[in-house]
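A, B, C and D label the chains in the order they appear, each numbered from 1.
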């Protein structure tokens, strides 16, 4: 089981990056999902969507090279790649809701074996709001949850989410530092297990029921 | 009663032009309404909307000066004024339906004393389609019907339209070569009568009931 | 991903019986080369989504004359007498939709909306067969999304990634149609290198475009 | 019609208790001078429609800190801790709306639609109090229009007629808010003569704009 925080992140984002295909339009959530952009396989040309209003999000500009009119959805200085296009929030969410986004990668507070996702509030504690998450999860062709397997040692992958949902039954895949889980009509199928990790550990750290794939592989990261 | 065809048109479009106020956004229907643009009072600065996608429709270009990419809603060569703006059909009808159009001027096959309008089809005979007319009549703040008072000697202003409606109860004002009629909750009020025209003639040529305004004026044209 | 193809290659996406959305307003902003290629290929039984049926010798009007279409969903047919003739002789099904409603229905399909409520058509024959919904004391018609198998778009300037700029009044329905089809084919009046269109000037982002022809 | 006014003159349109829509995404594309002027005037009891409540020292976030608002209709408050504090202490009503739904509700108000059907929020608390409508076997929420008394917009380039061009990612909600208010006030980063913006590059046509400030 991987213990190092940085190594966990690296395993997760590297594995998620392998899901992206040439030509994909991808939205990466704020935080860890953003790092996926650093590991896109060679020969794979993707476009990143920024829900504040463009496709073709580029790398963070060097200090002193920021353009005040280009920020990402976290209001951080950003850039655009050659061939980018800007638009308004109406078009941005037409793209998201309309099924034009191939993949969205985002974090979760909880996710369950029905593919339910909770990531926008903890009643009475923390209510950041859903921002674009509800639309992203409903609209994207493929929804990948990228997160650490547990929070303070407690499972985040549950039989049934207890927090208010972001969307019902929309998650397709969960990638953590322990493995890769696919959401199927039968339940959660563990298709890959992380290096240095025992199957028993994954099962112990997951509240949801896990179906182990017949051809369980080791995550390539 | 005015008999000359050209004089009829002139009376109608000159009178309609007087309804336009400084700053108005106006849509002029194909045909006679288009001519209103030639009689805008001095000091009145209006913008014309063209439902194919711009505000700031300008005069017909001189032969040889046409731009193939600028046409009006009748596909005729057009121009734009300084300060014009182009957009798509979504925005064009957001403007129309959203109540941003001050005045729409259009012709009619029939109009009745409830403010119902019929101008898009004669079943079994002529079905050009409604184009933008249904949206224009529902969306514009003021709907002016500009037409000859009769068709082949038969009244067009009726107690109740018999042709399929373009919209129900949306017409505000009817301007013909015989006078000006306002649609009110009480019925059609004749507020102005054309020069060279007798009240008895107007009543005879109108199937709808006419309420004559106490302060009936002569149309200034 | 090279999206630039020959017209012949583009035609491979177009088959008999498809629903095809075409940009343009009375033929202005319509991809005439693609229109002609569909006629040359002899595609049959098209359901056409377009603002109008243009003129007998222009734009989608030529499809009506050449009997490529079996149904049209449009707001206006008055400029093409052949459409009216075929409608009256029951050779062609004509579904007339108010222009603003047509725009919203296509947009809804592209934007993942299940429908929109419009006041347009209330109290008219357009109501027939539609759900009426009252909001704050006012009646609206529920109008449903309208999606195509293929959209044929005309761009004034197109870059090789598929970003499109439409000049002046050629924009009309092109932006909407480009969002609401499985396959979007754009005919470029002028094809330029990626980056030559300022990203703020792009009117249809490349992500909607599958095939570019010149 | 001269729409160019001083900020003081523009402020005359803004009164206590109004619903005010403000452009911007986390403060980017927000008219900061107008924001500050509203604070200086001490306007109270504003219902704010905006994407978010920005940061305590930026954009509409300053209104939250200065207690100019009594209700916010936004998609996100996570970047402004003061919003969360006032919400928890019941000083401020926070109505959270999914971002895409917020965009469509504002657009619907501007476009004269009675509402739109969206799949977003189905199966969540967002369903509460809303009509659910099934179209072709899929459930949608009926989301209603959201209109303001005043919209405050930030334009990168504005001509003296009120045509607006937004640079890069400053566009966001500005175009939408500009269509959905009784009075629209734009703060021009750069004010130019009429005609200096190419008519095809205009993103908000002048017809929506009532007042221009610099």
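FYI, contacts are C-beta pairs under 8 Å (C-beta built on N, C-alpha and C of every residue); 3 or more make two chains touch, one makes a residue touch a chain.
If you're wondering where the values come from, they're calculated on a predicted model, not measured in any experiment.
Colleague: Where centres are the averaged C-alpha coordinates, which chain has the largest centre distance to chain C?
Modeller: Computed centres place A farthest from chain C.
Colleague: Please report how many Å separate the Cα centroid of chain A from that of chain B, as a whole number.
Modeller: 56
Colleague: Could you put a whole-Å number on the gap between the CA centroids of chain A and chain C?
Modeller: Roughly 35 Å separates the two chain centres.
Colleague: Centroid from C-alpha atoms only, then distance chain C to chain D, rounded to Å. What do you get?
Modeller: Centres of chain C and chain D (C-alpha means) sit 32 Å apart.
Colleague: Mind pulling the chain B residues that touch 2 or more other chains?
Modeller: 54, 80, 86-87, 93, 96-97, 138-139
Colleague: Two-or-more-chain contact residues of chain C, please, as numbers and ranges.
Modeller: Residues 104, 107, 111-113, 118-119, 166-168, 171, 199-200 of chain C touch two or more partner chains.
Colleague: Can you identify all of the chain pairs that touch?
Modeller: A-C, A-D, B-C, B-D, C-D
Colleague: Which residues, counting only chain C, touch chain A once they are in their complex?
Modeller: Listed in rising order, the residues of chain C that touch chain A are 1, 107, 109-113, 159, 161, 163, 179, 194-195, 199-200, 202, 205-208.
Colleague: Quick check: in the complex, which residue numbers of chain D touch chain A?
Modeller: 25-28, 51-52, 55, 74-79, 84, 87, 94, 96, 98-104, 107, 118-126, 156, 166-176, 203
Colleague: Show which residues of chain C lie in contact with chain D when the two form their complex.
Modeller: Touch residues, chain C against chain D: 104, 108, 111-119, 131, 133, 135-136, 138, 140, 142, 144, 165-168, 171, 199-201.
Colleague: Show me the residue ranges of chain A that touch chain D in the complex, using the header's touch definition.
Modeller: Going through chain A, the ones touching chain D are 50-54, 67-71, 73-75, 78, 80, 86-90, 92-93, 96-97, 116, 126-135, 138-139, 164-169.
Colleague: Inside the complex, what are the residues of chain A that reach chain C?
Modeller: 22-23, 25, 45, 47, 54-56, 80, 82-87, 91, 93-100, 138-139
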